[in-house]
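Both complexes shown next keep chain A, but they swap its partner, so chain B is in the first and chain C is in the second.
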Partner chain A sequence: MSNSAVQTESHESHGPELLHHFVSAEQQRNTVSLAMWLFLATEVMFFGGMFCAYLIYRTWYYAEFAAGSRSLNIWLGTVNTVVLIGSSLTVALGVRAAQMGKRKLLVVLLLLTLVLGLTFLGVKAIEWHDKYVEHHIPGASFSVADLVREYPQLHIDQRHAQIFFSLYFAMTGMHALHMVIGVGLFLYLTYHAWKGTYGPKYYTPIELGGLYWHFVDIIWIYLFPLLYLIDRKPLK
Partner chain B sequence: MATAAVSAERENYLNKEYGIRSWLLTTDHKRIALLYLVSITFFFFIGGFMALLIRLELLTPAGDLVLADTYNKLFTMHGQIMVFFFLIPSIPATLGNFLIPMMIGAKDLALPRINLLSWYLYIAGGALMLYAMVEGGVDTGWTFYTPLSTAFSNTHVVEAGLAIFIAGFSSILTGLNFVVTVHRMRAPGLTWSRLPLFVWAHYATSVIQLLGTPVIAITLVLVVLERTLHLGIFDPNLGGDPLLFQHLFWFYSHPAVYIMILPAMGVVSEVLACFSRKRIFGYGAVALSSIGIAVIGFIVWAHHMFVAGISLYSALVFSILTYLVGVPSAIKVFNWTATLYKGSISFATPMLYALGFIGLFTIGGLTGLFLASLGLDVHVTDTYFVIAHFHYIMVGGAVMGYMAGLHFWWPKITGRMYPEWWGRLAALIVFIGFNLTFFPQFILGYMGMPRRYWQYPPEFQILNVMSTAGSTILAVGYLLPMVYFMWSLRYGKVVGDNPWGAAGLEWKTSSPPPTFNFDETPEVTWEAYNYDQIPVPKEAWLEQ
Partner chain C sequence: MSEHVMSSKMYYGIWITLMVLTVVTAAVSFIDLGPFNTIVALSIATFKAILVVLFFMHVKYASEKLTKLVIASALFFLVLLLSLSMIDYLTRYLA
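What follows is the complex of A and B.
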């Protein structure tokens, strides 16, 4: 490969982590961090399509959305919110540990993040399974007879309720997919942190991984109230 | 200027390494540009072949060449392949990829490995698209309208949708790379006000790619989920609203037109300045109008939905906004025209294409304003008038710009000149063939011939025969450059660093350029298009 040949030649003049086409480590760091921010902007637009659909259907089918929202397990949702915020804290501390060159602390914090991330996914799986048991998964066996019985005063239309659950699965599913990617990313980072790749001079990957993790976290911070907390006050 | 013998020996990005591996694993933006060039040319000819079959079917009023279902698949796959696998990547992924680092005095794009990844994503998407095609194709129209696409069509919607989803990420990554590169990799002294307009145009394009493409990505995901898992989002039977699909689809697909046309406008600015030997008139206005087009282009999408049942008031707003997006486009056309005034003009091949662009884009743009007016739109919606309008923009505009750029930078890319006489002949053939193909379609549409039908009443036949005849001429016009470009790789005259006497950093390095573009990072102390300081070369291809 032509580039790597040149890069190995010139690596004597700068560290191995500086790619040849950059002038300085600072330029490289500024460049990749701008790239990450732009990527997150595209992610906002990606989720934005679903948020837009949510906004419209919630306005049209408010009663069904409220009933659907009530059927979600608010305690599991809250636990997951706390778990994710906690994982963002461990990530932030991890960036700090990398900057200060504390290798072992960094590895521990990254592992903690992974554990919290997997906990979130586990809880999410339990919630989805509950929905499966309740026949709330859109498709042939979809039924909201239980909600119709429970909230007769809301006059629930089954098709409109299905929209709520479609969006619920699309949005939480897409979020969970991002979590899975994040877990993969952090496995990679943990391995390299273990090997001692990162330190005060070179911690950009930890920073970028952290940005991604925080972003996925923020998406959940929006999803939680939008899906779980639509209307929880006692019905008359 | 280096003599032929010396420049043939000099190490450059082409002769530095040989073998298939050195190409498939390259991170050199110039080599990736050539990978893209070969791939999109392949898809261009597939899409073009389908267009020819469509035109052949329409030679006679009866549906006699293909079955009605096949016809539906032909126009669908023609549109999807041409839009997503040719036009969207065309200029940015080839010329933009090749030139932007050189134009800003950088060694490479900011993210070379992401650049290679973007090509592989394109190839993966393209392969899936071809799979969908040979498995039986798609018949929803390139627009994937629901509920046809999610509930009724029995064709390979899922595969095609995922193919475009994957190719979309290739497009996002290219745009992301360009934005980061322009921000972070400019040579010392190269301020924003000294950037070539080609770079400005690509910057604006990239912003659209970044913010628009994710929306069509999620939209296609939702279509696939609705089709496979019956998640109800768009299907009225499941409580959804098809209009939401149309909103989300056009939120990307209108700005996508600017992904196609803005880079072509960038090419035209470079070519016009060089062959008028003048600084572009109103440089700042032309640069900012690219940004203006990108911004306003995002808020006009519902003009595709005037007859779909949106509220009259929102239609009114979108109509006005659509008129507004004509302003920055017109600014460009006026400034280009002013650049020509008292210029020392030579009609080399790139210039012929650039002039063709201005004329055809103007027609396409003005007929776009017809379509933006609420009353007239009702009359011509879903007729051949619409087909003619957007082909004037996409083929008359984007492809003409692409051809202009390909000829202009061919000596830089390959180190050899294409045969100028053949180039001008092909440009002429393309111009004639194009107008003969698509101008009659304006009349057909105005007379009421609907799009997407395989048969038509006999009174439309004469104009359809003209259109089909034009399409075969156009095909010759596209095959010719294919042949003489290949020919020139071996037999073309070897050129020096700057055969056109053009301004711009890319002409200050050798042809073909070395792997890292410049031996020393250049320092820019001059304004863009300083043609008053560059001598006119005495070259045969500039003679009248």
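What follows is the complex of A and C.
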């Protein structure tokens, strides 16, 4: 009883968003921000393992990686890069809107981010469907007979090509899963932004959601050249 | 993370730079530069990533020293993972 009385009293001096084990709002922000960066460091190592596997197999089976890369749709890949970077802009402007207490602008920017994120996933689904139609999904019906015919000078080994496409689906799949989680997070943030939870005094969730979204953007900034742009120059 | 509000002009500037670099990296890949195709593509990607981290993720103007330490250590261990693995795999068949 006496405890809750103390809590009620202390809230009057600083508002409900400050948790009691923090000295100040700034200390609370710095602490959770550091925790988010530590989580992102673990994500760097998670994706780092796949990038490492990619690097090793690319040096071993360069011809198959070149042919596999050529079979990806560079236009859809470029459009998706533009879409994702656009969503990073709307997130960055959203954090700014929250800092300045512009509730309506924040909600609009978060909704735009959701639209762009879902557009990215939609384009990704089209690309994966193309790979399904072409029998480029690793498994029982996998075949790169089309690529062998198209690029006879590369001497493509079907098993090596399957490794490229396994890595393609693992990397873009894990990236897309992160996007799906990001969409979920931003639905939550949009709901609370609409209710007016965030403002100049308390915008930490927007800032942290933004850090996550930008991180997923950076992963794609590397996936785009590593998967789509391996070897686009005219073949001799 | 302090309460530093950055101008929207700066965000648009970074965004336009990222857009231009995306188009440049896609276009350059069609030109035969030999081994430099990969170097150019990865350099542009790294420059884009640095812009996102410094400006969109507020590391340049509004981050704690501890945050910078976490980023530096993440990059250090990533470089360790990639470089030691490649030193192994690239030199296996030399003898």
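Throughout what follows, the second predicted complex is superposed on the first by the 224 of 236 C-alpha atoms of A that agree within 3 Å, B and C clash if a C-alpha of one lies under 4 Å from a C-alpha of the other, contacts with A are read in each partner's own complex, and residues count from 1 in each chain.
Keep this in mind: a residue touches a chain if its C-beta (ideal position, glycine included) is under 8 Å from a C-beta of that chain, and two chains touch if they have at least 3 such contacts.
Not measured: the values here are computed from a predicted model.
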Decide which partner touches more residues of chain A, taking chain B and chain C as the two options. C
Go through the superposed model and pick first if A:T81 touches only chain B, second if only chain C, both, or neither. second
Touching A:L34 in the superposition: chain B (first), chain C (second), both, neither? both
Look at A:D157 in the shared chain and tell me whether it touches chain B only, chain C only, both, or neither; answer first, second, both or neither. first
Between chain B and chain C, whom does A:G199 touch in the aligned arrangement: first, second, both, or neither? neither
Check the residue A:G48 against both partner chains and state whether it touches chain B (first), chain C (second), both, or neither. both
Taking the superposition on A as described, I'd like to know which of chain B and chain C A:G101 touches: first, second, both or neither. neither
Using the superposition described at the top, list the residues of chain A that contact chain B and also contact chain C. 30, 34, 38, 41, 45, 48-49, 52, 56
Taking the touch rule as given, give the residues of chain A at its contact with chain C in the complex, in rising order. 26, 29-30, 33-34, 37-38, 40-41, 44-45, 48-49, 51-52, 55-56, 59-60, 74, 77-78, 81-82, 85-86, 88-89, 91-93, 95-96, 99-100, 200, 207, 210-211, 214-215, 217-218, 221-222, 224-226, 228-234
Partner chain A, residues of chain B touching it in the complex: 13, 16-17, 22, 25-28, 106-108, 110-112, 114, 172, 176-177, 179-180, 183-185, 210-215, 217-219, 221-222, 225-226, 229-233, 237-241, 244, 247-248, 515-516, 521
Chain A - residues contacting chain B, complex: 1-3, 6, 19-21, 23, 27, 30-32, 34-35, 38-39, 41-43, 45-50, 52-53, 56-57, 61, 138-140, 157, 159-160, 162-163, 166-167, 169-170, 174
In the complex, go through chain C and note every residue touching chain A. 1-3, 5-6, 8, 11-12, 14-15, 18-19, 22-23, 25-26, 29-33, 37-38, 41-42, 44-45, 48-49, 52-53, 55-58, 63-64, 66-67, 70-71, 73-75, 77-78, 81-82, 85-86, 89-90
